[in-house]
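Next up, some structures in structure tokens.
Two complexes are shown next, each including chain A; its partner changes from chain B in the first to chain C in the second.
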Partner chain A sequence: MQIAEGVQLVTFAILSILLVGAALGVVLFANIVYSAFLLGGVFISMAGIYILLNADFVSAAQILVYVGAVNVLILFAIMLVNKREDFKPLKNGWIRQGSTAVVCAGLFALLSAVSIVTPWSISTVSPLASSVVPIAKHFFTDFLLPFELASILLLMSMVGAIILARRDFLPDNLGATSTQDSLTLPERPRELVGK
Partner chain B sequence: MLQLQYFLILAAALFCIGIYGLITSRNAVRVLMSIELMLNAVNLNLMGFSNYIDPAEIKGQVFTIFVIAIAAAEAAVGLAIVLAIYRNRDTVDMEQFNLLKW
Partner chain C sequence: MNSGIDLQGTFVQSLSDFGISTELAKILWMPFPMLLMLIGATVGVLVNVWLERKISAAVQQRIGPEFAGPLGVLQPVADGLKLVFKEDILPAKADPFLFTMGPILVVMPVFLSYLIVPFGQNLVITNINTGIFLWIALSSIVPIGLLMAGYASNNKYSLIGGLRAAAQSISYEIPLALSVLAIVLMSNSLSTIDIVEQQSGYGILSWNVWRQPIGFVIFWISALAECERLPFDLPEAEEELVAGYQTEYSGMKFALFYVGSYVNLVLSALMVAILYLGGWSSPIPIELLSNLAGVDPASSWLQVVGASLGIAMTILKAYFLVFLAILTRWTVPRVRIDQLLNLGWKFLLPIALANLLITAALKLAFPTAFGG
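Up next, the complex of A and B:
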């Protein structure tokens, strides 16, 4: 790594503060649009931490896939289910939140203790200059089957998402209803399940 | 000098925040966002181990790329399911998605 160690430490501190603050904002903000944009902040600071870990290709992939695809997809989902509703407060809701917070704090303490106490066998090999060529070698030699399976999985999930999210159109009523209100899609009326 | 432990503790914090959001949030889209947080925490663990324990052949980064691909597929299908439930039930409240509950 060419960056000086003090600069690395300061950069790591700034990025980790940004990361934890944005993650807390994702969970705790009442407005879900703020949460979605803060989720983009989490992804971007995570890409910065990947650069600190000598992983240039994964950092670029993180920005492309997470910020460019997943975050935009979440924003579109928020716009599609854009219904302002006030959730009815649960009976004894504070018990659930409090116990969850206690369990999460305990889990964090446990994981931190394990990661501090365990003697990791740190390798002394100097890191690679570029990680692109070794990753490509892994993809086309020993990880070839999972690589191809991932493409099939992506195709399957794309077809599944289209099947799940499409609307049922009324083809015979299309001409009749399109004149009255051009902004609403004609949709087969259905009753709400279980209400 | 940056240690491996810093990255592991940061990943643990992110994972615990994700679990808290997963259990306590009422909005279904926010639940999916919490799952993304947890997947990112796991990715950070993999990248830390890849850099500090296995820097010669970086198999952890390969695993991270697979996790990113599967997370993208999961987000697409999960949001489609949320959209379908919203059309059927006219709400995104997790407490009212109780069709399969006795």
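Up next, the complex of A and C:
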């Protein structure tokens, strides 16, 4: 069993370094596009850690949902609204950065203290061959309500997105061209559908 | 159930007999199928390029490549060598890191997806429980690479091409996944091996294409759109966008995009063959033939013949579909971007949903015919 354990250990180390490094990059890069791409790296390393924990379905779902949908959506938003402008350096900006660093370090210390002090009960059950069936059973028995509520939430956000994108409910004063700022699209507002 | 040839088992066994531990033998085995798959995929690309040029020539009543090798079969090799030796240009003010990462991110998931393509009972790199789902998940990484390439090129055509490519692959992934879900419903498993096994009972009659005709058409259309093949090659529409996200690429980086798109086409064709056309099983089941001829089904030469026939069947089915894709490319005009998105969201998605519902209902009503 030594080779398998060694491989697991090395993989875990590589994945953790990738995960932490990419997450730090997301926060610390000044270029928001780099941050968005590195976020994809964070999600993929997390999927790798899920595989190490024998949760293959969860890891595939993680890639599909977070990398394939959420991260692409973030990139879309950034690339379609990417205004090239130089930000003025803030006066006393280091106070904000310093206090953020202190708060983050405190949180990190707190969490690591908790994870070290807590006596975790490690399961001795041998891993399942397939995690899909147990997950599905939970979804349709004891986790049915959260599962359905999540779908209603998604439906609501979808309806909201469609209403925003169609711009059916235009306020009356938007017709005035003087209030156009750089974020409105340079196109004529469409006619209301109902009229 | 006869398990067929187990090359890994034999290899590990023979190495263990030499006194090497089983674990080490298994690790020593690992590179072989991976290398074989890489080489197979690359050769598949060469065959594909040659087919594309010859078939397009035939469609347009030309001759096509004919001087490099017999019937021009060496032409793709010459093309590839040319691309290797071309200068690697980095456009001014482009982002060098993202510019290099883009093509890599596009190619890697496609090659990784070959992990789950089975050519026989044991002729697969890994038989994992989430097989087909892993393919869908991996193919969802590709749009990030496309966006990266489009953004890093510092070119408005590239950016628009990248955005279009990402929008297209996201919208066609949903009907694709829904039609795969209908198949999974019938075979009770996400593993590609189980999906093929479930279709292998009565030869050509038990293939999924007869039980899922709508799903088959939806899957094939969405797969073509995912591969950016011609009726849907909006991201690189020459008249509008020069070459889309590939505009600024040259040399090996362009070759990566090129190889990636063809490997993806072969992969999609293999997936259609596995999901709908019975994978490695032949139209007339080999067990039936061996029974008729009175051959012992466990005899070793029959196993070898069966395995070779399985590989040949899978590749034959896949290349038939590739032929169809090429013929479509040189026959059908390109759709507009609004037509493309309308087709995806307003036509394929509702039909795929209805197909899934009907499959579930049929499975409850006729559990014997629809894999209860």
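To be clear about the criterion, the second predicted complex is superposed on the first by the 161 of 195 C-alpha atoms of A that agree within 3 Å, B and C clash if a C-alpha of one lies under 4 Å from a C-alpha of the other, contacts with A are read in each partner's own complex, and residues count from 1 in each chain.
Simple rule for what comes next: a contact is a pair of C-beta atoms (placed from the backbone, for glycine too) under 8 Å apart; a residue touches a chain by one contact, two chains touch by 3 or more.
In this text the structure is predicted, and so the values were computed from the model without any measurement.
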- Specify the outcome, clash or fit, for chain B and chain C once both structures are aligned onto chain A. fit
- Query: Of the two partner chains, chain B (first) and chain C (second), which one does A:Leu80 touch, if any: first, second, both, or neither?
  - Reply: both
- Query: First (chain B), second (chain C), both or neither: which does A:Trp120 touch?
  - Reply: first
- Note on the structure: Between chain B and chain C, more residues of chain A are touched by B
- Query: Counting only touches as set out at the top, which of chain B and chain C does A:Ala60 meet: first, second, both, neither?
  - Reply: second
- Message: Looking at A:Gly68, would you say it contacts chain B, chain C, both, or neither? Reply first, second, both or neither.
- Response: second
- Message: Per the contact definition in the header, classify A:Arg96: touching chain B only (first), chain C only (second), both, or neither.
- Response: first
- Message: Looking at A:Ile32 after the superposition, I want to know if it touches chain B, chain C, both of them or none. Which is it: first, second, both, neither?
- Response: first
- Task: After superposing the two complexes, find the smallest distance in angstrom between C-alpha atoms of chain B and C-alpha atoms of chain C.
- Result: 14
- Query: Of the residues on chain A, which ones does chain B touch that chain C also touches?
  - Reply: 57, 61, 69, 76, 80, 131
- Note on the structure: In the complex, the residues of chain B that touch chain A are 1-2, 4-10, 12-21, 23-30, 32-34, 36-37, 40, 43-44, 47-48, 50-59, 61-62, 64-66, 68-77, 79-84, 86-93, 95, 98-99
- Item | Residues of chain C that touch chain A when the two form their complex | 23-24, 27, 98, 101, 128-130, 133-134, 136-138, 140-141, 143-144, 147-148, 151, 159, 163, 166-167, 170, 173, 190
- Note on the structure: Within the complex, chain B is touched by chain A residues 5, 8-9, 12, 16, 19-20, 23-24, 26-27, 32, 35-36, 39, 42-43, 46, 49-50, 52-55, 57-58, 61-62, 65-66, 69-70, 73-74, 76-78, 80-81, 83, 85, 87-88, 90, 96-97, 100-101, 103-105, 107-108, 111-112, 115-116, 120-123, 125-128, 131, 134-135, 138-139, 143, 146, 150, 153-154, 156-158, 160-162, 164-165, 167, 190, 192-195
- Message: Quick check on the complex: what are the chain A residues that touch chain C?
- Response: 1-4, 33, 37, 40, 44, 56-57, 60-61, 63-64, 67-69, 71-72, 75-76, 79-80, 129-132
